[in-house]
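Just so it is clear, A, B, C and D label the chains in written order, and each chain counts residues from 1 on its own.
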């Protein structure tokens, strides 16, 4: 179906100059995998772009796989991202690097997290694509930093912030946005139900928050 | 040597009415094990009591063993504490219940932490001793909650606070005191060197802070 | 329904001398929790006893709770076992003590496994009940010891064998029986499908194997 | 000192045709890091080559770093190995991929272990070097597979054996050799002291066993 659409576009382009769409690939874990579903954050970004009459300017591609850590992204970067010649790559990773420490014993060392992240950036830059980075939002929505993985999530978010700074890349600080939102709307200090339905994966409100933050950044790109 | 001293006391007590000393047992992990050393927090409590001329009123006994979790305390409660007929038991535990999750895979489930803690309290109460509870101070002194175990330490401290409330027991909230102190004195967000020398075990300043907090509570007993 | 039956029994016992049934409580984790279901190992033991005309001699009670480790059993021993005045307690535990190391970070230290197991035995003995011990069968059915938890399962089974020996208690060595069975019937070195359906929980053949081993021991009691 | 020696070699090579030495790089973790020490397995390989009058044929380079897992090797492959233009690369890794699961929560997923290993092989092959693979020997020397990590070590050794087979590369199966040796010499089922001094790192006998196995393979190269 996608290919038919692209064929039609190709045929049309004989008749007049088709403006080049900005191809954006969202690269991440299960949160991004679900992002392309109805109501998912990538679907909502598409809706937001249409509401502002900018749907012709962008092409959205989801490249999320459940359970992915930073080195999973690294290992499939060429095949799932660079081979598709994106103009922009949105990287949204970190939850499983922390979470898998306690659930499988196979989380990611902080220094290795940084090394693989940086190695990915080098390859994406070399391919000429722009990059938008995100911090991992939450594993638990309690606001008093008593979600079990809060310490590590804050530490890995600090690493991501530092990488963004060093590489002078735009950062969507979802960790901060989610905390700010919960401080306003989660007065009962609940661990889920505000922006997620299960402490990690986004509910409608969570998808909207991520979509808005990303769309604001994306629409300003060129 | 202790026994000689007690023998002397016994002999002396024939001559006049010796006031009964309040026997305080400090029950915990390596932090408490080191507390009886020179400069340790228990030694400092003894010094503080002497400075206020109250050394005759108290007897201090350290019962800390490195690596202990709440159920280690539970398993040796009778032998190491109750058999010594304490008047007061200071319980200072929780660091290893959290830490051993990542270092050995044998941390303590939160609900089991609560159950064993409560079971200990029942036995100590039944033996007629008073109880003072403490929250675990720190595994890392960073103030932005980016020490890897911060989430869990906050969660287990919340459990301890709730147990203290339910049982109407005095709580020395070291977790809070250490954070407050670090917010004032650890402007560089270092993970050690302010109140600990290795992220966990107390340096001179840390021992003094714990000693002061506990002494303030202890001297008001009876 | 159980109470109605017991009421009927009580009424009947006015008329003639009812022989005392041997009350057997199966104490364990999810494997035992499922044991009382249709086709479960406890249900099969009941069937085996009926096939041999011994149903009047025994009363079977399941006391399994999913996720239980040795200290979960310890904590609910009085309430779920001793208060019911069993004649025999079958203890079948160990899988979660090993498994939770990697899946939650809250497995059981080997020395604590032994201490809580021994503490349970003391209380059951003091209550006058007989005890049958079991080793944990499998987490994965591969026969070349390449199931990830094989090392620990063997180590904890060794601890249980030693406890049984020291306490001179009968041991149903399921770990050994399952391996023997798999060596004969699992030539493809599969990790499930021979005696379990999911590497841990018993399929029909697994339930039958456990039932037969336990019934052989149980029917010789008294 | 090494550089002086190489300078001398260079000067000498003006006078007559210096035979090209086979440059062997040992790539691994702390076991290999210690291999270059006096009595270490790499030093012993050098001794064995001298005893057989073959010292002129080989140049030995240690490239072991403590704590390294397969993706640590991958990340430093170019800098520490390929840039030195080796003729042969001996890869000896796997202990930390398993061990760090329980000691840090950051072990390596089996599928990722395979992917990074294979990715390394591709790069080394592309550089034209020969490869010798090793299985990880032991974490504990007990022979009844009751060392806690035995299951995983067997599983990861199976992965390495499969990779060697698929890539048609020579394999030094240290896991098997160590078990065979312990079955003959460790009748008391001790966890250390036969081929290691601490369950993992090689004692004199362990270094000799590894050296002999590797030398037998190395001297047959070319």
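Operating definition for what follows: a residue touches a chain if its C-beta (ideal position, glycine included) is under 8 Å from a C-beta of that chain, and two chains touch if they have at least 3 such contacts.
Keep in mind that this is a model prediction, so the values were computed, not measured.
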Quickly list, by label, the chains bordering both subunit A and subunit B. C, D
Through what angle, to the nearest 5 degrees, does subunit A rotate to match subunit D on its C-alpha atoms? 180
Same or different contact residues where subunit C meets its copy subunit B, judged by the half mark: same
Return the distance between the CA-based centres of subunit B and subunit C, expressed in whole Å. 40
Would you mind pulling out the distance in Å between where the CA atoms of subunit A average out and where those of subunit C do? 48
Name the residues of subunit A that each touch 2 or more other chains. 101-102, 104-105
Applying the document's contact rule, which stretches of subunit B touch subunit D when the two form their complex? 101-105
In their shared complex, subunit D is touched by residues of subunit A numbered 71-72, 75, 100-102, 104-109, 112, 115-116, 119
Contacts from subunit C onto subunit D in the complex sit at residues 101-102, 105, 140, 144-155, 157-158
